[in-house]
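In the two complexes that follow, subunit A is the common piece, with subunit B as its partner first and subunit C second.
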Partner chain A sequence: MAADVDRQLWESTNGSLSIEPVCSDRADSPAPGLVSGTEPGAGQETAMFAHTESFEDLTADTEGAGLEPQEREASLQEGRGEDEEEPREECAVIGRQQQEGGREGGVRDKDKDEDVTSDAWRAHRKHVFVLSEAGKPIYSRYGSEEALSSTMGVMMALVSFVQSGDNTIRSIQGDGYRVVFLRRSPLVLVGVSRGSQSAGQLLRELQYVYLGIVSLLSATQLQRVFAHRQSYDLRRLLSGSEHLTGSLLRLLERDPGPLLSAVACLPLPGPARDRVSACLRQARAPPLTFSLLLAGTRLVSLVRRRDLHLHHLDLHLLANMAASCSAFREAEGWTPVCLPKLNAAGFFHAHVSFPLPGTPLCLLLLSTEREAFFELSACKQRFLELLHKRNALLGLQEALSCPTYSVALVGVPELRHFVYKSRSSGLYTSPELEGPYSSDEEQERLMCLYQQLHSRLHHPTRPLSSIYHTTHTHNLYAKVTSGFELYLCFSALGTKAIAEAAVSKLLKWIRKEEDRLFILNPLTY
Partner chain B sequence: MLCVFFSPRMASGMQEKQYTPSLLSFFIYNPKFGPREGEEEKKILFYHPSELDKNEKIRSVGLCEAIVQFTRTFCPTKPAKSLHTQKNRQIFYEPEEHFWMVMVVRNPMIEKPNKDGKPPTIEYQEDEILDSVYGAVLQQCYSMYKLFNGTFGRAMEAGGVEMLTQKLEKFFYRYLQTLHLQSCDLLDVFGGISFFPLDKMTYLKIQSFVNRVEQSLSLIKYTAFLYNDQLIWSGLEQDDMRILYKYLTTSLFPRHTEPELAGRDSPLRPEVAGNLLHYGRFLTGPASLKDPDAKIRFPRIFVNTEDSYEELHLIVYKAMSAAVCFMISAAEDLTREFCEQLDSLVGPQLTLLASDICEQYNINRRISGSVLISLTLRQTPRKCLALLALLSSNKHTIGAHIKRNICYFDSQRSQACALFQYSIYTI
Partner chain C sequence: MTAMRVDAKVVMLGKESVGKTSLVERYVHHRFLVGPYQNTIGAAFVAKPTHVGDKVITLGIWDTAGSERYEAMSRIYYRGARAAIVCYDLTDSSSFQRARFWVKELQNCEEHCKIYLCGTKTDLIEADRAARQVDYHDVQDFADEIGAQHFETSSKTGNNVDELFQKVAEDYNSSSFEVMPGEMSFIQKMKNLRLPHVALRLH
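Entry: the complex of A and B
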């Protein structure tokens, strides 16, 4: 599946098959039955992500799915293969730095000291455990791994017991909670969640956690470590990076991006964004493969090498890494990172910096060369100079000071919140969570409702094209066409007729605002 | 020429085989009965299939114990309810403390043949079966056992483990053969009773009939009245009536084909010589009152097991489409005279009543049918229509089930919505 999509994109970037929608195709009032590529937010030229049409690629095997064979070969020739050995140490070093300076440090310690037999520990909404196939604990979200080693032993015993009957354990359902098992040799991941989250959604989060670990070690190294010694204690390699997993889990609970397999953009007027992108492109250097400008998890601009596509999943992992390490805020950072969807076997090297102090703006420069730190640091300097010279800075700073917009702008009074994803560009947009959703608890509840709708729409055997769901506090409406995916949340006073009318009104509004809400002109070097 | 052999048409010409969910195993155990190592077999009270290797049985019971124990780590009060694996689904149910019933259902699957003589690929459809449906089936298994045998605990008190295992063996050996897992659906979750629609006058006639019989035969403790497999009146608690209703309509009634429908010379037609006054006959108890050697024995049922724990004789008496259940305390000795008295009292009246109901029903049928549908339409237009269309294959029970839904809908609007969506997915 993923490979197919890659091939299409790859071919289209070579020019022979590219379909470029002409501007006149972009009608002002798009009908809901838009075909892929002409919906609001669709890229003008070619897609910038190797995104997939649905979330299936999370369930497919990661190994080897990300790259076309010839591409993989090419990238290995560039010397990425040689890097595989060393970053281990480097990675651990950075991890420790992060922990020392990390703002998560305090929180983490509190979580770790928890008594694993207490009611408070049991009451957590979601537990995640990672263990090796030998039953050795690697990660637990709450409580220390040592205290949980016997529980994890039981988990592994259950997995291998069912396996011995030539069968695979999927989940255990209880009254109001479920336990989901995921085996990704050589690791086993177990998630326990309370509430209404479906087993499928929990499984997706476990996949993310697994890929998060791969992004630190690479699949090759992970395999090699355990092939060498089955009972290896992986925590030695991962020490200091636990809070990355913690913040990734928080991201999964709050952010619709991973759910939709899409990336949000920072709202920025089209011309201003084009200026920033142009600066980013001009500040290139030969070893660069990707230049990304992020504000938190929102994408400001992305410039890529012509033959490579970044997967939205890799981007979420990168954004999580950049945002959760406070060390990067103080000084430029240089860290190896594996992008599991692009190439699970090797490492990229990321130059991470926060060029505008006091703002969440983060510049990520990715290269395949290990020694390119100074070259990329110069790139960053050049980029900043270009921003100043071309007066692009002011617009950018303005946008950073108000990174979201209000849902009231759409002009539907009953509409409380929405998430709109353009399927062809892999980008989504969503207004600020305001009013009743100001508390974390309410935000997570809304996300839970979206997740429920999502799993109904994308049910593996009985997919739906639209669904209207009424509870005593909400009216929710979700719709999928070949062009877009839309989730709307109305107040309790909403009706189905209002929802239907709101869809066309919202699509018109997004069409009007699309050059501010989406990246329509992705650039390559 | 070779191309012809390997063309995709050839491959698609081979048939995919579809398998419905089926019962892999069913067992009942109590972890307290064999706590020491080497004594695990003692935990198992019943195991189907019984011919399975002893160690295999112990292994599967061990897995269930481990899972229940494991989930207590996260929720001490509410242990696991089901285990999903690629190939099957296990449902756990603890009806009485420490007594666990487990049902293992194989997931439905599709067998796709491979060319070149390779073994066929099997695809398990894991999302096709619902915990709620099979959980309800398992609970029904217990309720049905309890109706005829009382609780596990009482059997233990009366005759120890031996007596319990005998009872379980005797009951479930037959009962499991009647489980049709492939056709279980949402209706099993409701476990509802279908009520017979009736006008006021006829309903009052039935009530006065029940009162008169209870008056003249004071032994009778509870009465239930059914017509056409649908309930009209019941004196039992609803939970007990639900399972009794299930037994009557799925097991007892189908076993007694209507002799009224059989031809005059058909062997099905019972010996009614000398008794042409009425069509009444016993469905439980003596086959014929004329035979002086026949033993007067009625099945026993257990009701109100939560508090008063009553053991009762179950007499089911039927005339044409009307059936009455009389329940009498098991402490009473039922004699031939009593049966004859009952037969002569109830038989003629019930025959008359049955033809009355039939007449009224035919008059009212068209009206009540349309009332039901318009009522449905007013509540949830499209969903109800879809549901009606989906369920129309089973006309008799459906009307009542939809009616139940509407009642539910009236009182709790939002929840009923979900109920409707749910039912559409399931069926």
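Entry: the complex of A and C
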């Protein structure tokens, strides 16, 4: 049902919707000349990531974490509870709660000090709440959890009420609001958005927040504490992680990576990247499972154990954790971290360092041995020495000083922005958001448009192979083949003919630049 | 780049947000970072050489996260430590309860580890005497009882910070003639890391 609402929204705002239906097995209908594995950006060897499909069924509980089979079935019936609830009522309830007391300990960021009865609190474009199945508050994006405890109680009551009728509440569509529920026993996550985001997108964000929590505690520990005591206050274990969740939500709103299930690379000429990767591999030590070099959320290099694949989602969680650790900048961090997609039951131990002061370059060395700190610290040291010795440093530093490129390089005047994903490698590339997109708000708007195109392309029952969409300010074109997935944003002057011509021009350009924009030679130890 | 050499392992313990990271930051980088507080994730390690007489002693400092989430990990940080700086916030009495917890833990598991009780944020007390929630003499009595050193510091002004770490280094220096079994294995481990045969095995 959520998807139906989506379609209505879409078609009502879209005068020139062009739909080219495609059979769901895309392998049978490859795009002209481009088959998976030969598209620009496809790696030379086996895939670097565990899973590179752009659409994951978020309703399927891939972690198997605690959903009863019957519950799973219920959640497949798309939110039968939806019509029974009055959405406006719900929103009013959220606004009416009283502040019930401050947080012990004092120092909190300003988001937490917000008065939850104020208009400003209500005006936030997106709220995210996490509660336990006992209705205890665990996390709120804005305002303190204590002040919101009765609101969360109401949310849990809603969830339980619908559940008691053997249904699962999935989403509520209100006047300018959308409320989405995600139940991941023992947690319940609730997203409230005022924007035009689809229920699917909100659900994806909640899924990330949930897995972000799992990355800190592991699913095993999460289950254990609640099995022991249902009324457990999980904030005790999550204290200090609020800023991680906050930055994860910001990442989700701005970065196309989570949407596309893909990872962006730092542009770096192929030979320079190969040199850096070779150093990283040579600096290895037996306990290592992954060596990652990141610049913010962009991947510079990844070396993995032959039998293990990192999942893009785990990588996004790792990048978010590393970026949020300014305390790590001068020292070397050593922290347990669960990679929920790889193994939700256990912990890896991550050595985190920022080896080139003054740059965002972050080295993550992952091991399963909790005592391996000094061994990995020695790896870091060796890696740096190798970079020096093999003159790999200069190229890397140059790349770090210009981590993006301009869309003008493509040579299509009407083209403002694009996102291109190579499906076989799970990597994507995208130019800098410049001009009209330099503000956060415009960036989020553009992301929202891409999200809408994405959910149309990957519609669970009626997928499309391409779509052209016009608004007052933009012309958008999206296309998916067995090899790639492409989203283009043109100025209002664009036309469908320009868009189609731009695709082949862009593909040629990406092919020419692919060794700089992608990792073509991923290494294993 | 010089390879890291560590003489004495020092661990920072204490409740969240009492100022462990700020203390290390002040000592190692002589600065105090203002802006939103960032909890430590897991732990962070930094090596800092310091002069004791004509000798150079390198302290290997483990700045641990105060969050209970990492409590199960804490043993690997304090095992073999020569010194533990157990921090509490002078303006938060509950943080002293947590300090007592760490003292008990160390007494049970790490008998060779010297304990330094450190009350943080004296600048806040100087600005407003009423802000003090942990009495100096109570802590001094407790320190005497457990054979610990006692400091009060401010990372904001730098007050007493160098003195604290200098004392840790001096105490290590004067006791380093005694052989401590747990400690030997730690040092040995550090040294092993730089032996050539280990490096060879890796390639």
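FYI, the second predicted complex is superposed on the first by the 442 of 525 C-alpha atoms of A that agree within 3 Å, B and C clash if a C-alpha of one lies under 4 Å from a C-alpha of the other, contacts with A are read in each partner's own complex, and residues count from 1 in each chain.
The working rule: contacts are C-beta pairs under 8 Å (C-beta built on N, C-alpha and C of every residue); 3 or more make two chains touch, one makes a residue touch a chain.
From a predicted model like this one, the values you see are computed outputs, not experimental measurements.
Enquirer: Go through the superposed model and pick first if A:L506 touches only subunit B, second if only subunit C, both, or neither.
Expert: neither
Enquirer: For A:S239 in the superposed arrangement: first (subunit B), second (subunit C), both or neither?
Expert: Second partner only.
Enquirer: If you stack the two complexes on chain A, which partner ends up touching A:L376: first (subunit B), second (subunit C), both, or neither?
Expert: The answer is neither, since A:L376 touches no partner chain.
Enquirer: Quick check on the superposed pair: does A:L384 touch subunit B, subunit C, both, or neither? Answer first, second, both or neither.
Expert: A:L384 sits against subunit C, while subunit B stays out of touch.
Enquirer: After the superposition on A, what does A:E330 contact: first (subunit B), second (subunit C), both or neither?
Expert: After superposition on chain A, A:E330 lies in contact with subunit C alone.
Enquirer: Considering only the touch criterion stated at the top, classify A:H127 as touching first (subunit B), second (subunit C), both, or neither.
Expert: Once the two structures are laid over each other on A, A:H127 reaches subunit B alone.
Enquirer: With the two structures laid over each other on chain A, which partner does A:L339 touch: subunit B (first), subunit C (second), both, or neither?
Expert: A:L339 sits against neither subunit B nor subunit C.
Enquirer: With both structures placed on chain A, which of the two partners, subunit B or subunit C, ends up touching more residues of subunit A?
Expert: C
Enquirer: Applying the document's contact rule, which stretches of subunit C touch subunit A when the two form their complex?
Expert: Residue positions touching the partner: 1, 3-4, 16-17, 21, 24-25, 28-29, 36-46, 63, 65-70, 73, 76, 92, 94, 189-190, 193-194, 201-203.
Enquirer: Mind pulling up the subunit A residues that touch subunit B in the complex?
Expert: 122, 127, 151, 154-155, 157-158, 161-162, 167-177, 179, 192, 199, 459-462, 470-472
Enquirer: Which residues of subunit B touch subunit A in their complex?
Expert: Residue list for subunit B touching subunit A: 63, 66-67, 69-71, 73-76, 78-88, 125-128, 131, 414, 417, 425.
Enquirer: Using the touch rule from the top, collect the residues of subunit A that touch subunit C in their complex.
Expert: 104-107, 109, 216-217, 236-241, 243-244, 282, 284-286, 321, 324-328, 330-337, 350, 370-371, 373-375, 377-378, 381, 384-385, 388
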